[in-house]
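The two complexes that follow have subunit A in common; it is paired with subunit B in the first and with subunit C in the second.
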Partner chain A sequence: MTTPVSVLRLPKGPDPNSRGFDPKSPRFIALCRTSIATSPASEADAEQLPREQHARSVLRESFLRCLLSMANKKIQFHMYERVTVEATFRASDIDVLNFQVSDLHTPIGVQKEALIRCQDVILFTFDA
Partner chain B sequence: MATSSSSACKDGKPMMRQGDTGDWIGTFLGHKGAVWGATLNTDATKAATAAADFTAKVWDAVSGDEVLSLAHKHIVKTVTFTQDSNCLLTGGNDKLLRIYDLSNPEAAPQEIAGHSSAIKKALWCNNDKQILSAADDKTIRLWDRSSIEEVKTLTFDTSVSSMEYVADGEILVITYGRTVAFYNALSLDLIKTVEAPAPINSASLHPEKDFFVAGGEDFKLYKFDYSTKEELESYKGHFGPVHCVRFSPDGELYASGSEDGTLRLWQTAVGKTYGLWKCVLPEDLGAENAEQLYTTTPEI
Partner chain C sequence: MQCGWPLLGPLQWMRYVNKQVKVKAGKDEERRGWLLTVDPVSASLVLVNFGEEEGRASVQVVMGHAVEEVEVLQEADEETTQRLQTSFLPPQTRSLDPAELRRRRGGVRRWLEKNRFPVEEEGDELKVAGVLTIAAPYGPDDCYSSNQIILDRIQKLMRNQVQLQPDHPETDPA
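So, the complex of A and B:
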């Protein structure tokens, strides 16, 4: 090979102290099973299970419609450490791990474009 | 596009790595012997391994936990999932193919007998309706899954070193001696053969079927044009015989595993930006951030 090809770094090797599959890694968070399992009462009762599943899908649908209605609106994000920031919501990623926002007002200035980590958000409010 | 790869190893500790960068994700711990085969299901949420400890194991590829251990009567060499991840096909030194129903793992597996020596590779084909198996008895056999009957047999003069299936186009890639052979996976009719400069242990056809790569006993990787059979390039890098070569599903890179204990990732289009490779345009070399780009191997 005449010209060496640049690499950003070498692949990361195994950690000698653990077997990996880090629960904090984006891959794990995106792929792991839902953190809220079926309630034990529904597992036991075959009649209650469809009602619980219906309730879950209603809640999921209304959450997704909420995300849709947030597009391009000013949202107040209440986060840990009593931090509240305001930004214009643009989009969410498919696993709701990050929100893409514009004009994020922070105590140290306005960030034109930013990603907010959803796990840092406790609640958000906006005028529909 | 995220891809993952799993690798089998004689140290008994198969690993899961990020497909595009090679970054380690985790190691599946549990086998008590050399792992001869490793595979992932379609969405990379499950892994299966075949080992010398007479078991095939199914793993959760997200948490790394062992989900199932399937006892066999001898060394297990090959393991593969159906496309829907519901069934697992295994084969090994007891000369039997076994089909396990993963939704009912306690049930006895369906067994297919016929080979007269150890099975080294088994795979599903024709939309999981048929099975192909290669064994040390120098045959490759095509089986019908529902009737469990042998449909056709290919006999060779020498042991087949590897067998890979390309679903899109139903092509079977077989290596033996210095030959890379391409067959129609449904009819087992020969499409073409290509001779390499050295004995070949494994070959892989690029998803677009314009070229294929092969590696074997001379430690080199070879790239051939599939249509013209012309040898395009050869690459040195491994310090031992190459035992396995496979293209990533997107065709952007291929991985090779060798007796030297390393897995190497090779770019299909050299110089392109992908994974950890960064395309460097001549103008960029004078720029401020040029120090971030390594042109020689960094200190480990």
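So, the complex of A and C:
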């Protein structure tokens, strides 16, 4: 399927931003922790806290570099209900809740630009 | 769906890094690979499997919320650890001689001053508006700041400089 086709839009939900991306929706607030808590063990032990913070930043930097290397590459997303789609990765949001992609190949056509909700994704793969 | 993986925390996750792991996810997905990192925000695991040739690798990222089980298969040896740690780092810039670095530093400083940003030279680095540092070799990716907005503006500005005067880094446009 190489020619982009227009994809039928699903009916709108009860409010204009209701496709799961509204930052004020209960779903978004429940899923998106606005701050990452320190572990209870680190709160108790003042020596462990700096180590935990250092580990956190090393891990996050590594992950961000991985995301950077994904930019503009073709990614296969394996989602629930045995759905696998391919798209070109463009960007992620800071909480890793949404991915912006281009040329999303779906069973009903190629969507030129799309947002993928990370909660729907089990895993994704690409070639580095 | 919930297993304890997202709750373990950075110190526990670090113990799995650089090991070969087998991850069960979703209902019946199972993947294995060398664990490069775990995202502290989403608890997602980044697994790498090296390809036949140098520099080729297949990467699988398992979302933290879908993880059912993580099992360690083996530790990495010295060579694999090295390969893992350097796989996503930006390419090493060859070190330039001091004269070239000075020339570049001066060029970048003049460009920023021309665009009305206060710049100071601090040793080998440039300090912009007191909040952003530019280290050698003074490219847009060598900027460090805790202020995202300034970082973005300065990087855009520096990329414009490269576009406007690709062959004449020393010439001040009149």
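Just so we're on the same page, the second predicted complex is superposed on the first by the 88 of 128 C-alpha atoms of A that agree within 3 Å, B and C clash if a C-alpha of one lies under 4 Å from a C-alpha of the other, contacts with A are read in each partner's own complex, and residues count from 1 in each chain.
To be clear about the criterion, a contact is a pair of C-beta atoms (placed from the backbone, for glycine too) under 8 Å apart; a residue touches a chain by one contact, two chains touch by 3 or more.
From a predicted model like this one, the values you see are computed outputs, not experimental measurements.
In the superposed model, A:Asp95 lies in contact with subunit C only, and not with subunit B.
In the superposition on chain A, contact is made by A:Val121 with subunit C only, not with subunit B. When the two structures are aligned on the shared chain, A:Glu52 is found in touch with subunit C, with no touch to subunit B.
Using the contact criterion defined above for the overlaid structures, shared-chain residue A:Ile108 touches neither subunit B nor subunit C, since it reaches no partner. Touched residues of subunit A, counted separately for subunit B and subunit C, are more numerous for C.
When both complexes are overlaid on chain A, the residue A:Arg60 reaches subunit C alone and has no touch with subunit B.
Once both structures are placed on chain A, no subunit A residue is touched by subunit B and, in the other complex, by subunit C.
Listing the residues of subunit C that touch subunit A in their complex gives 9-11, 13-14, 17, 25-26, 29, 31, 36-42, 44, 46, 48, 51, 56-63, 65-66, 87-90. Against subunit C, the residues of subunit A that register as touching in their complex are 36, 39, 41-42, 48, 51-53, 55-56, 58-60, 62-63, 65-66, 68-69, 78, 80, 94-97, 118-119, 121-128.
The residues of subunit A lying in touch with subunit B in their complex are 1, 3-15, 19-23, 25, 27-28, 31-32.
Looking at the complex, you find that subunit B touches subunit A at residues 2, 15-18, 21-29, 45, 62-64, 235, 265, 267, 270-271, 276-280, 292-298, 300.
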